[in-house]
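Take this structure, written in structure tokens, and hold onto it; I'll ask about it next.
Read from first to last, the chains carry the letters A, B and C; within each, the first residue is number 1.
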Amino acid sequence: MTDEVTMVRIYCTEGEHKLKKILDYLHHVEQVAGVTAFRGVAGFGRSGKMHTASLLDLSLDMPVVIEFFDRPEKMESVIEHMKTQLEPGHLVYWPARTNLSE
Amino acid sequence: MTDEVTMVRIYCTEGEHKLKKILDYLHHVEQVAGVTAFRGVAGFGRSGKMHTASLLDLSLDMPVVIEFFDRPEKMESVIEHMKTQLEPGHLVYWPARTNLSE
Amino acid sequence: MTDEVTMVRIYCTEGEHKLKKILDYLHHVEQVAGVTAFRGVAGFGRSGKMHTASLLDLSLDMPVVIEFFDRPEKMESVIEHMKTQLEPGHLVYWPARTNLSE
């Protein structure tokens, strides 16, 4: 058993309603071992439109990143699927290592 | 002097009370150069239980990631220690580079 | 066309007023494809001073990380510039891959 994983980060905004759809896909279809979503406080994308928020801003147009990792061969199929769902440059991934059960 | 570092991310939840313990360990025992913790807005782990929050949700069961980096040989011992404290798949690390003093 | 990118993370605090300056530079001068900033909930740097916050803490001295990625040769010049603006150990980068247009 190897400790090699592929780490993936997906960029979307809360207003796209993609967050829940992607989380459900990763959870129920792919059963990825663990997923965490983080809300950004500022950002901009290819549109060049800057998104910013005060801490208490409840805007639904804020950046959100969804992060997860799992075995490389499992992530390969997840990445292939996500590529069909996302605009270019909204997904990034790299090799990493994790802690295994003893 | 090399600019190579090992980047580490540790996944826990606020409800576990592990956050403060891990931060204290990294701060006082290992004296890691810098550590940042981020609170997730949604996530799930091996249990399959989904954690979600509205922005103002004060739930203590939300995901938190602790991120830090330092020289690879220093991180190696930190990772070995943390492996004894964490469940499998709750730690991920990869090689990176940093900016050094001129 | 290659899918190789360099991922960069820059660490600052809100109180430094660097956040807006760096975002403006990445947006208007370098025209990086996408940038997201995340607010940390706890952290410490080389000073050893611990920054912590309750969720609703409006402290301006909290850690913020600015994350972006783009083609390696573009990121090389951004990193060279940022090195002159940041203290040692406040920038980290590594190779990754992204999704391209079909």
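Everything that follows uses one rule, which is that contacts are C-beta pairs under 8 Å (C-beta built on N, C-alpha and C of every residue); 3 or more make two chains touch, one makes a residue touch a chain.
What you are looking at is a predicted structure, and each value in this text was computed from that prediction instead of being measured.
Q: Chain A and chain B are the same sequence; what rotation (0 to 180°, nearest 5) superposes their CA atoms?
A: 120
Q: Would the interface of chain A with chain C count as same or different, where same needs over half of all numbers used to appear in both copies?
A: Different: when the shared numbers are divided by all numbers used, the fraction is under half.
Q: Need the CA-centroid distance for the pair chain A / chain C, whole Å please.
A: For chain A versus chain C, the centre distance works out to 18 Å.
Q: Quick one: which residues in chain B touch 2 or more of the other chains?
A: Answer for chain B, listing residues that touch two or more other chains: 38-39, 56, 94.
Q: Flag every residue of chain C that touches chain B in the complex, lowest number first.
A: Listed in rising order, the residues of chain C that touch chain B are 11, 38-46, 48, 50, 55-56, 63, 65, 79, 82-83, 86, 88-94.
Q: With touch defined as at the start, can you tell me which chain C residues reach chain A in the complex?
A: 5, 7, 19, 23, 27, 31, 33-39, 56, 58, 64, 67, 69, 94-102
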